[in-house]
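Several structures are given next for inspection.
Common to both upcoming complexes is chain A, partnered first by chain B, then by chain C.
Now for the complex of A and B:
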């Protein structure tokens, strides 16, 4: 078994492109769920809107990538308003129902034959729509260390991606430690109490939905650009639930939690897969127990088991405060 | 009772001296005037108040048996529920149909029957949240601490002063969930004061509070009046009603059936009927217990 290879693959994934995408999706959810208590089950929809805005604007409408990014942010704001205006006056569960449906509607529209010409149907859009971004790539060679390995393009995405994550985390930290953030946390605890103190709860919930949605759509930009393609089925409900997994793993309502959660999630996922693959091909695991083709599914079972154990023994996540969680359970 | 407090009580009582204690009677200086306020839940008419006025600068109790519509009436006045019909004014301004946060900004702040402390916020943050006109509450300005930091420290000072007065200062860094039931009531009242209200609406301030804390809560409520605020409260604890209220309004089956001083109301036949049923022939003393 090649342990160096397993480590290299796992570490490259742990701070790689997918980690950035899931970290961004989860940072957005942290704003919604962790700080404001909004149950957004359609975060995949925000990523889809970000990714498709870029791909469609550049490939189908020949718009510059930089303007396409602005369009993507604008579209995610529109989506947040569409979801929020009718539902945020209602009880919290309505937002959950509407967002999970909206996420699926977006995916179904993207893969529908009707819009094949612009949205690419079920095959999605593949093309060099990230050209303007990769033209700026200063890395002519990739990274090839014993423990870390990236192609030049991936390395560029990783460097820019983590810079964006760092910037967003800094803004997030400022926000949640401001009176604005205190209001969001208060809304999470009890909306009516906040209303009774003269605060316009509805307005702040909309602001939170927009802010978290825009962060999610930036995750969509990374998703689209890193692969130079968008596929509708990448933006299914599984993406949302993995983003929630990442958030809860890290510990909700902690600024750094989504990053830690995403790093651990992707490290485990790739490590277990590579380990099993090597163990099966080396004959340590007999063929009748696990075949090579089954490794992909079994890794999810094992990672799922690991997450269950984490929730049992550390329900507050990595960064969370157990005392705070216990208070919540009592209240 | 300290001398200054009884002076304020006398002042408040003087305003009621010339009034005939009948339901819906006009007050010399009303802060709230409500007319024909009706709220129906399906076939049930929960509130059907023809006319009521609340005297400024007094402590008015709203009592009545369970299901009389007291809390619903509270919810309507503060914008937490919407009426089927009716209008009411605060300081002469129509506020029927105004959303709750705007009602609060106009100076009418309420507390809740089931205390709404913000559990996973510190006691101090519970207080600071309530301050009005905070610059840092805007998304953009929130990003720049230098814009709101000075205001924040003024708010913190104000909050700490109130916490000291309500004897919660030692708990300021604790989560609100770590407070006892009575302390949460105190916190809720102190928090309402951060809004600098003109009228405080307390929904069962004594429910679930132990006797020792009850005395201090009573003192705080009297202090509100002595500082010039108007207090309207819903309560089942008759000892408390007798002790602190200047005026009592009795509701039954959604209507106001009696008004008057605490002593006169407790002997009123309509009130006894409301609590015990119209043909229940018992003396007042037995009725009280």
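Now for the complex of A and C:
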């Protein structure tokens, strides 16, 4: 057992690229679910729109990356409007079903052979579409500390990614502590009361959906740029559900919670995987019980179990406030 | 007894190729995968998901790499590649069975980009009925028949989902796993234990009802109701449960689709304009009978009426002498029985994989939402609309986009009539 290696891998993951992606996805969900009470199960769709916008614009249409990013944000606003206008008048569980359906529509269109020429079919798009971004990389060497290891490109993504996360968190903090944010929380608690005060609840819900969706699509940018490729099956419902796990782990309706949740989630996920992998190959766990290739499945089983236990025994997550988020309200 | 068997079952669990597609974690962790063999792979199936064996698929790449694979009895093929590069994969169209052809003849050769070793690449050759085969009328009739069978599967599953929603308010995202459970039990009982399918099916249905209905409600949902867990919290618990069970199935069963050893390659009978396999006729008849029996039971029996009373107003039902918890337990068992059989129908006709239920779950939700959450007849009508429209839509749109069409119909109908076709207005808002 190489505990140094296990710790290095886990720590590198805990503040690595995947953590940034899931933190951004969960910050968006925090806006939807934590602050406004919208059950958006199509967050993967917003990430997919962000990622694909960048990849398609640069690879297929030769547009500059920086303009492509703007196009991605524009597209995610359009998606939020398309989703929100028909569904935000519905009850929470209808919204959940419609958004999850929309997310799947996006993934299946992206992976279909019909649009193979622009969207790349089931293999997605691979290319140097992040070139303009990596040209700015000031790091010629990667990081190679005993407990932390990144390639130069990963290091650049991590530094920029966390800066973006910090910026969005600051913005988020200002937003939720503004009158606008308090109105969202009021909608979450009692929609009818807000309506009786003469506020247009529908309009505020759409604004919340747009804000959270744009943050999600920025997560999609990071996903696409860090890998220099987009693959449709990465944007399935599992991504949305894991983002929810991250959010609930940290504690919904807390500004910092998605980041804390993402760090803990990825640390545990990689730690369990590496630990089991080594334990299996060192023979501590018999081969007939868990094969090396089954380790990945164990950790996802633990994610599912963790989400259940969290929701049952500590729905406010690690840092949340039980009074803040009354999930127990009967719909 | 079940526990003992798992030890043996785990031996059968194979490498989960699906996981490599998920891709989570690999980017950052750089898991030691350089030495793992890397494949370009795929499964050759027609539009009815029947495997197409004996078709040659070849790949060429740099350094004069060239290799060929023949699809096996389940339509699978895989070619091991030595280095990360772009390969050209082509299909030998002459070996396709009569009446089957590439839906897009320009895609006989596809570029496969192996990004790095350890990441398998899956290639899809869309195969459909050949152009010369059928008139639009024949195709339409065949698709209508297929659509009705799909509608039956969805309806069996949707009824239970809707009953549980009606009586407890739970939107159960783990309902799809009940279908997979029925299918896997049948597979294990027939392929591993060695029972004949006609004996394996009733046992699998009973076990589904017991494990998926009785035990699930007793161990998980009843205690949660007693705790007063909210509806949204319960919904998220069901998502966690779905993830847990799905990856458990992947763990013991592996990532591939397997056929039952019996009745695997049955020839279709031609009845009028449509061709249909005997196993499909038999399973559909049983499914239809179960569905009719269940609806009769719900509308005629004391327990059925009680379940509707509970759905309408639990407090009032309880105060008029109905044992609410018993009714809910009965509803769970009925739902698990029907869902288990729906999974068995899919297993017998198309084979079983760990995502069997997950793939159908959204369609089940679409059917239920379309008909109106919580209404029994609504679930049936919604299933009919979804099942038939999915199949018939392939007359106009590419087969691979048929689910997109169904989900789009769902969104459009909700725009016009948010409570669903038969839903009550009070249920939205």
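The rule we apply is simple: the second predicted complex is superposed on the first by the 309 of 331 C-alpha atoms of A that agree within 3 Å, B and C clash if a C-alpha of one lies under 4 Å from a C-alpha of the other, contacts with A are read in each partner's own complex, and residues count from 1 in each chain.
Assume a contact is a pair of C-beta atoms (placed from the backbone, for glycine too) under 8 Å apart; a residue touches a chain by one contact, two chains touch by 3 or more.
Fair warning: this is a prediction, and the values are worked out from it, not measured in the lab.
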Will chain C clash with chain B on chain A after the two structures are superposed, or do they fit?
fit
Once both structures sit on top of one another, what is the angle chain B-chain A-chain C taken between CA centres, to the nearest 10 degrees?
90
Classify the contacts of A:123 with the two partner chains as first (chain B alone), second (chain C alone), both, or neither.
second
Who wins on chain A residues touched, chain B or chain C?
C
Which partner does A:9 contact after superposing on A: first (chain B), second (chain C), both, neither?
second
Give one of first, second, both or neither to describe whether A:315 is in contact with chain B, with chain C, with both, or with none.
second
Report the closest approach of chain B and chain C over their C-alpha atoms in the superposed model, as a whole number of Å.
10
Common interface residues of chain A - those touching chain B in one complex and chain C in the other:
327-328, 330-331
For chain C, which residues count as touching chain A in their complex?
7, 10-11, 13, 15-16, 19, 21-25, 27-31, 104, 107, 112-113, 115, 121-124, 126, 169, 171, 224, 227-233, 235-237, 239-248, 250-251, 362, 365-366, 369, 373, 398, 400-401, 403-404, 407-408, 410-411, 414-415, 418, 427-429
Quick one: in the complex, what on chain B touches chain A?
78, 80, 99-102, 104-105, 109-112, 116-121, 125-126, 128-130, 132, 134-139, 141-145, 148, 152, 175, 177-178, 191-192, 194-195
In the complex, the residues of chain A that touch chain C are 9, 12-13, 16-18, 39, 86-87, 89-94, 96-98, 100-102, 104-105, 108-109, 112-114, 116, 121-123, 126, 154, 226-227, 229, 231, 233-234, 238, 241-242, 244-245, 248, 266, 269-270, 273-274, 277, 288-291, 293-294, 296-298, 300-301, 303-312, 315, 326-331
Can you name the residues of chain A that touch chain B in the complex?
171, 174-175, 177-183, 185-186, 188-190, 192-201, 207, 211, 323-324, 327-328, 330-331
